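The following blocks contain the structures, represented as structure tokens.
Next come two complexes built around subunit A: one with subunit B, the other with subunit C.
Let's look at the complex of A and B:
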């Protein structure tokens, strides 16, 4: 049984301080109020957008795209990383291509992607999948290759079959690295999901809401989106950390 | 009387053993002309300076290393690969960090064809034998160095090996824990009477536990001398007779050419 603990609220100190500072500046005059929107106005616009459904729809559209892209990218990434780590031929054929492609910033692919796959949702999903794909491949590969000799020797001593060695020694040893990859993938996926809305045709999403807000001089809407993006990113990262803590319990015991 | 003389049948026979490592494409001789017969139930200590190949010798007997010339025979059979009839304990306990103590010990039985209930029973028995009862569900990270090494010993013994190989098993422990575990090793060995070959840096430990002490020389690794320790077990650590032998072995080791 885990005891219920009060959440540590110290992490909220800086964001709250920033908001207060923001609000103070916002009330210094109308010129300031344009760039630094008063918080009550942000709250009002939040309420307004909630009622119209814009905000919820945009948030949901971005979130669904991120989650879908994350699952596709991470699944393919783990698979490719595992194949390269365990099969020499694949490693020799694919690894150089992967290492070269990895050097190209995702933004650099956008013209190509838009040419090949258009400017609609599929292209956005592809960008998100790629963003989740790269870090998962790398970390899975290195995790599986990084098995310690002394652990491998324990397997040999007890006549472990190839499968037993993989299942009980190489795979559990690789999981910390795999989770590192997944955490990077969540961050990149969310980032690129919002980013893709700025580069491709407008469609539902938080990035698009921001663009519209900017065009209409509605800084309150922009700020609202920024807050929502930050909070969602933080929550998804926390979720992965919690899962990792559960799976990698052996690492965190004291 | 607790003391029984070691059996007279030869358990392990090493004849004309030599081993090269290839370093910078040149062969480096690490073991040369090793001849040793170990009787059933005997406790052999191996001492020598670093680089004398004592660990390599143990790894060859375990089967983890291969490609030697000469012969290593266990019960007449030539050794060329690991087998469950030889248990090995490393200096580093090398427990699998993602498994609990119980899972680590049980892992040794992965490929032993006995009923599940018997496996469970044997694992519990061994954990009890090494004094880790109550720590079955602890992860290696939660154990002290001494406890982790106890778990490693339990894992090596759970397959009921004919020969137990110990590669500086207590080398990384503090003095007090080391003395305690030496006594435990002696107790376990007296109870099970398996054949033991232990590599160690600690001459006192070698003499205290061993029926015979093998002194090795480096470059290339070879046996200089084998010293008998003709005293019954369990032994008294403070016995002057043991101290005399210890001093002889120590003198022999320190007088040797570099």
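Let's look at the complex of A and C:
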């Protein structure tokens, strides 16, 4: 029997307490007044930036960059991962270089990318594409390489051709790993889309709204952007998890 | 439910691929390839640099980067930058790790604490550290504090998750056996609980280390007057690609060394356990 239960409200205590504490400090109105802005001001500026369209435009710009970079990076990543997993020579030549380059954090490449490719939108897109590229290569490669021998044995027993073995054994076996890669790529791409705006020339986007807010000591604007960034990250994560669940629904999930 | 949620977010990637380290893929390749990989890279780089396709100032030959390294090391500039960066990393990491272990253990040990804290924890996990930089600058200024807070934040969350999972997944049978043998509380902690937690905790600590290194370098690119990130930023502004490239290589090497070092430490601590 299912019983109707109240959702667990205990989790709300801490966030509410933090909000109240914030508001109390904000209304003390002294030295840190510009940092601890009253909550009604955050709400007011949220409404204001929604109406002016700043927030929406910035959000869209960051999102479009994320999506474009994700498509480029993931497509190239799946391709390279598949080539390395199936062609021994490519594996020997490319994999070590890939492993070496991977040791440098993406953000560490930013000064170099800025000098080589400039400080404009293409550099930002390059960073986002790379962010989607790395995890996709790795997971596609490992997924395709990780096909279980006993499954392939069964295929051989049934006299499967190379193509059949790939289509019906190796590919389905690799898909969960590929989706893990795509999930990581989504998170990375979104984060580096925002991050790239902090490091390159000003342009449209949430990261820049945030920087402008910081320069103008507008904590309300900064907070608003942070919240929007978190929510978008969460939603994109949920979306790709749902898609993965649908595509992989044939799997026996314990 | 919340544990499930935490698991769902568990594979949350660090800000950079460095955290994954040399994974399973590298291991089934012959070992000499590991030595070959930097050689191929350096060879290809030199060839590109000397091919004359690009000006030497843009694609700096490896030996010029090496000379820059020697010169910067000899005049004491580089050791100072590195020292500052590593000091920040150590302080921030230590604070973050202690806070993370405390928080994770508390949530793991008490259902009550989990119900109160986990939702806030999951919200916090959704906020990437890099995206918090502007807010933290407003809160903490542009001095040392903000960098240490950023590193501590980047450290605390993965560590807390590791500690939480470690504590929550202690097999109940272990505790039962300890009870049957009437093991005292001290022995129980050091011989039963701690060994059961360590693998998950180490996993969290290691993720946190790579992650916090990335966050620190990024923070130094934006806000610092010294440190490895600042050295790169200076090289960027003054069009010194040799310095930028030196910084890129050092960032990678240090990140790699931290990860490798931690793995060795981990092995020493968990020695004798069945893998």
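The criterion applied here is as follows: the second predicted complex is superposed on the first by the 218 of 254 C-alpha atoms of A that agree within 3 Å, B and C clash if a C-alpha of one lies under 4 Å from a C-alpha of the other, contacts with A are read in each partner's own complex, and residues count from 1 in each chain.
Assume contacts are C-beta pairs under 8 Å (C-beta built on N, C-alpha and C of every residue); 3 or more make two chains touch, one makes a residue touch a chain.
No experiment lies behind these values; they were computed from the predicted model shown.
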item: First (subunit B), second (subunit C), both or neither touched by A:82; value: neither
item: Per-residue touch tally on subunit A - higher for subunit B or for subunit C; value: C
item: Contacts of A:172 with subunit B and subunit C, given as first, second, both or neither; value: first
item: First, second, both or neither for A:157, with subunit B first and subunit C second; value: first
item: Touched partner set for A:184, first subunit B, second subunit C, both or neither; value: second
item: Partner chain(s) touched by A:74 [first = subunit B, second = subunit C, both, neither]; value: neither
item: Which superposed partner A:55 touches (first subunit B, second subunit C, both, neither); value: neither
item: First, second, both or neither for A:250, with subunit B first and subunit C second; value: first
item: First (subunit B), second (subunit C), both or neither touched by A:127; value: neither
item: Residue numbers on subunit A that touch subunit C, as the complex places them; value: 8, 10-15, 18, 34-35, 91-93, 95-97, 99-112, 114-116, 134-135, 138, 141-142, 145, 180, 183-184, 187-188, 191-192, 194-195, 198-199, 207, 210-211, 213-214, 217, 219, 222-223, 225-226, 229-231, 233-234, 237, 241
item: Partner subunit A, residues of subunit C touching it in the complex; value: 8-9, 11-13, 15-18, 20, 22-26, 28-29, 33-34, 36-38, 40-41, 44, 58, 112, 115-120, 123, 126-128, 130-135, 137-139, 213-214, 217-218, 221-222, 232-233, 235-236, 239, 241, 244-245, 247-249, 251-253, 255-256
item: For the subunit A and subunit B complex, residues of the former touching the latter; value: 150-151, 153-154, 156-161, 164, 168-169, 172-173, 175, 249-251, 253-254
item: Subunit B - residues contacting subunit A, complex; value: 62, 64, 82-84, 87-88, 90, 92, 94, 96-99, 107-111, 138-142, 159
